[in-house]
Amino acid sequence: MKFGRKSKGNKESRELGFGTKSYGPNTRLIARDGGFNVNKTGLKFWQSLDTYHELISMKWGSFILLVSSVFFFANLIFALLYFFAGSGSIAGAHGSSVLDRFLDSFYFSTQTITTVGFGQLSPNSNFVSVLAAIESFMGLLGFALATGLMFARFSRPRKRLVYSENAIVAPYRDINGLMFRFANSGKNHLIETEVDVFLSYWNLEEDRRFFERLKLERSKINFFTTSWTVVHPIDNDSPLQGMTPEECANHHMEVIIMFKAFDDTYARTVYDRNSYIHSEIKWGQKFVPIFTEKGDGQIHIDLEKIGQYESAALN
Amino acid sequence: MKFGRKSKGNKESRELGFGTKSYGPNTRLIARDGGFNVNKTGLKFWQSLDTYHELISMKWGSFILLVSSVFFFANLIFALLYFFAGSGSIAGAHGSSVLDRFLDSFYFSTQTITTVGFGQLSPNSNFVSVLAAIESFMGLLGFALATGLMFARFSRPRKRLVYSENAIVAPYRDINGLMFRFANSGKNHLIETEVDVFLSYWNLEEDRRFFERLKLERSKINFFTTSWTVVHPIDNDSPLQGMTPEECANHHMEVIIMFKAFDDTYARTVYDRNSYIHSEIKWGQKFVPIFTEKGDGQIHIDLEKIGQYESAALN
Amino acid sequence: MKFGRKSKGNKESRELGFGTKSYGPNTRLIARDGGFNVNKTGLKFWQSLDTYHELISMKWGSFILLVSSVFFFANLIFALLYFFAGSGSIAGAHGSSVLDRFLDSFYFSTQTITTVGFGQLSPNSNFVSVLAAIESFMGLLGFALATGLMFARFSRPRKRLVYSENAIVAPYRDINGLMFRFANSGKNHLIETEVDVFLSYWNLEEDRRFFERLKLERSKINFFTTSWTVVHPIDNDSPLQGMTPEECANHHMEVIIMFKAFDDTYARTVYDRNSYIHSEIKWGQKFVPIFTEKGDGQIHIDLEKIGQYESAALN
Amino acid sequence: MKFGRKSKGNKESRELGFGTKSYGPNTRLIARDGGFNVNKTGLKFWQSLDTYHELISMKWGSFILLVSSVFFFANLIFALLYFFAGSGSIAGAHGSSVLDRFLDSFYFSTQTITTVGFGQLSPNSNFVSVLAAIESFMGLLGFALATGLMFARFSRPRKRLVYSENAIVAPYRDINGLMFRFANSGKNHLIETEVDVFLSYWNLEEDRRFFERLKLERSKINFFTTSWTVVHPIDNDSPLQGMTPEECANHHMEVIIMFKAFDDTYARTVYDRNSYIHSEIKWGQKFVPIFTEKGDGQIHIDLEKIGQYESAALN
């Protein structure tokens, strides 16, 4: 049982930046979507707002809904102003009931803010003329803002990595290996790909978390075009040598994965993170083949099989 | 005959990321446009969609056609809605026949979605007023989207490298060399340029693919302003030493080229790939000069000659 | 007293790029917002203008005010041109007083520049028709410019680092250490984080400024997710060994901090700078804990406490 | 006289990427604006077009002129189509003369393409209605394109480096040094700044160009906030040791400067190039001081003096 060597684990825990005491034994450090399990408080509301980040990272549905709501309420406010300007201030608004007059104000507002300006309704007083100028100006600026945000949303780096649901401990050469498999499901080209894997566990005697880098069979490839099975050989130098699934659970083990590549399609460096906790590691399994031969000179990868495994006797 | 040394080739094949068994002997690994010869399946339709990538990477003609189609069908749908709102709901639509009434609805729709809003046709019912507000709002958002996509298309890194159609084996100093020539045909400045060349071949005995990095006369230059003839000297350390064109064909040889540079004009790192398969390598040829002297103190490169060669006796 | 060792300080001062003579003893080198304390003159007005930088970096309030002013004055100019085109040149302008005629010209201008074009006012002469075409074209280009600027403002890298108000000298292991604490208050992910710390002081004998890099307990972490307390151990190699607060003040000491990280959310490298001058360094204090345990398996950081310290006896 | 050492110069000439034979003795390799003195031919017209680059890099005046011309000619074409649709096809066009009818068509076109759509002129036939729909659609797409291009122009990296007009040979410590001075006149922050300097000369005996890297007193600084005087000490290892201005002219000497920095304000790496040919190097001069003390605790640099020098006796 190698868990608990003090010096090295301690050093690397600091390098990773998680600290050793702040995380309880039952804490997952990295969420499956690559997020960090950290909650920051103590900022004033406006400091914590990070509006830009929210607008850029919210789902498209929410974004469209938000923009539509802003559009609706902006129209409502201007409609009320036009309405209170009194009857006759909008030429072409013939409604006599209060509702009809308000609706005409609202329609005039929508035609102004979008700059469609049919003209069947048109300003008929100085107040409404000035207000309409302001509204159309604000409309244009607002849509300019929406355009800018849309492009900012588009230009965010996107990663479409699919990871195997589980890591496995499988026979590897004449020993065993800890493995996981992943691939890029997007159509962008990832090159100069690097992977770094850390083991994190709770030291029962010292009552704090330790971290250790795992040696990999291969940590860098030039073209990440197919799938990649990352292998940590469990040799005599491995902290996993001699460990059992039960001990891993007792030590609240977590395998942390750092991924780095250059996205050739969008010319930028992308990073990704993932982790497997002890219950997500399957012992005595191996991944099923993912390549299919069709004799057409092309390589076929079936991404549906990325996480599929079958039982295999360990060495 | 040096093809088939196990250790080194094996290691580098893994580094490249192609795997060794998935590619049959007749598979080309890298297409002439730098794409990878890989087909990914097993994703659900919406997972494989990568809409953004499609919209960004499709040809300009297709993009304009797509935007125009969306414009046309959006108008069609709104036109039908206006049409079914009944006659009289659009002021100024005097057509009496069904066709005329539909056309007026369609014209009204186009004038609304583009926000041109002449006003000779204008909303004359609450339903049409509200619908027109929605349509003009959608029109503006749609054109905002198109604007964002257009800029995203513009801002994609573009490489305008022209490679010689063939690699050649030519006399080089007192031995021979494998060479290819390429240049940047764009007006952007490429600097800190690096080239890496790999040899890939099918090992007949082991029935799988091997890879080996080829040593280059020079693998980095500061300014990539003229053309660059990349040379692999076929010395005693070269896997090509003693090989014949026939043996190269038998081993399904492919020369893989990786290119990296910093694009000073657009401030980003660009990568490129290319490959020459055995039938694209001409033996006993040399490239014709590409520089022309005009006595005006300027360097002239004739890119038309980039791939031209003439016969030359090998050493 | 170690301040004043010639060779090393001299060398590093040159590396930093501040020069040694240009800064007087009372000059702060780096402002608290990371700016440099340098004033450049001698450029012609148009050379020093850097309009783009101003438009991109001014506050949002100023930007909106500027755009609104441009909008207003552009309208004013066109309104005057329409006004001087004479009565009758705008159809629908029935005002008889000079003021009413000018207001109609102004309203027509706003309806043209925003392309709202109600049509209750419309061109009624060749001069006005041509002018209106130009104005609407300029309006569209102007709003295109505003859109581009808005996105450029959005896409600027933003850093939301919060630093402790003071650096402290606190007990560290069995010696003392110079420490400061900081965190990322934004929702973006910072990874591959590096810190470099320099000591700057005025050499009283040589009458010029010296610089020295301070050795850190740890200068790099992988994930900058929580807070980071950077520690310079004041051991026998430290230039601060044996120094007193008074001597630091006499030497006009300044601690310069350079921060570098990769912003994973926006895919770019970010840098930051900060400094603490002698009066901002508190001796015999230690930072209060910033983590709170809530037993929910999450890490909680209270950023309000980032700069809070309490007294602690020095070793 | 050290010019002409074969091995080293030869190697570095290849590294730089200029080649050795293509440049005649009278050729300047790098223009003062950092461009390369290379002319590429042999591309088909459409291959050499690089439209995007032209649109992005042309001056703002040219760009505005181009956009305006496109606007004008697009209007002209549509005006002709409307005109030939016959009288009566545009409602509100009452002109009876051919000129008046054409002008009405032109005004209608401008009101359609900008989507201002006053409505005093409006479509009155199916042909004109459809054409107007197409024109307003094209107008919106065109302005979307212009918006995208404007932002692409904005987001290009811009360097505002001011170099001394001349390099000088000045006394340096107890020997002499080749020096030039430069500064960043922009308001962006440049950090992690590096400079590399090469000497290029024509070897009279071998009749080709040689290149050699010059050793610098300091080649990297952390903050490029003030001015930087780059110094090559002419010691016994320097190829310039013992050279005279006449010999430099005979050898068609050129000093090539490569600059690299990280632009902290726009979060990207920027490069720059410059060169001084023999006639731009002044011997026995030194740069005048550029710093001015104003006692306000700020550093003042007078960029007007960046290239000013005064005579100084050489060692």
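Letters A, B, C and D name the chains as they come in the text, with residue numbers starting at 1 for each one.
The rule is short, and it goes like this: contacts are C-beta pairs under 8 Å (C-beta built on N, C-alpha and C of every residue); 3 or more make two chains touch, one makes a residue touch a chain.
Since the structure is predicted, the reported quantities are computational estimates derived from the model, not experimental observations.
*Asks:* Just grab the chain with the largest centre-to-centre distance to subunit C, centres being mean Cα coordinates.
*Replies:* B
*Asks:* Do the two copies subunit B and subunit D share over half of their interface residue numbers, or under half; same or different?
*Replies:* different
*Asks:* Roughly how big is the turn, in degrees to the nearest 5, that lines up subunit A with subunit C by CA atoms?
*Replies:* So the copies are related by a turn of 90 degrees.
*Asks:* Could you put a whole-Å number on the gap between the CA centroids of subunit B and subunit D?
*Replies:* Their C-alpha centroids are separated by 27 Å.
*Asks:* For subunit B and subunit C, what's the span in angstrom between their mean Cα positions?
*Replies:* 38
*Asks:* What parts of subunit B, by residue number, touch at least two of the other chains?
*Replies:* As it turns out, subunit B has residues touching two or more other chains at 111, 115-119, 147, 151, 155, 268.
*Asks:* Can you list the subunit D residues touching subunit C in their complex?
*Replies:* 64, 67-68, 71, 75, 103, 107, 110-111, 114-120, 143, 146-147, 150-151, 153-155, 158, 160, 183, 185-189, 191, 193, 218, 220-226, 228, 262, 264-268, 291-293, 295, 297-306
*Asks:* With touch defined as at the start, can you tell me which subunit C residues reach subunit B in the complex?
*Replies:* 115, 117-119, 147, 151
*Asks:* Would you tell me which residues of subunit B are touching subunit A in their complex?
*Replies:* Residue list for subunit B touching subunit A: 14-19, 21-24, 26-28, 36-43, 47-48, 50, 52-54, 57, 91, 111-112, 115-119, 121-124, 126, 129-130, 132-133, 136-137, 139-141, 144-145, 147-149, 151-152, 155-157, 258, 268-271.
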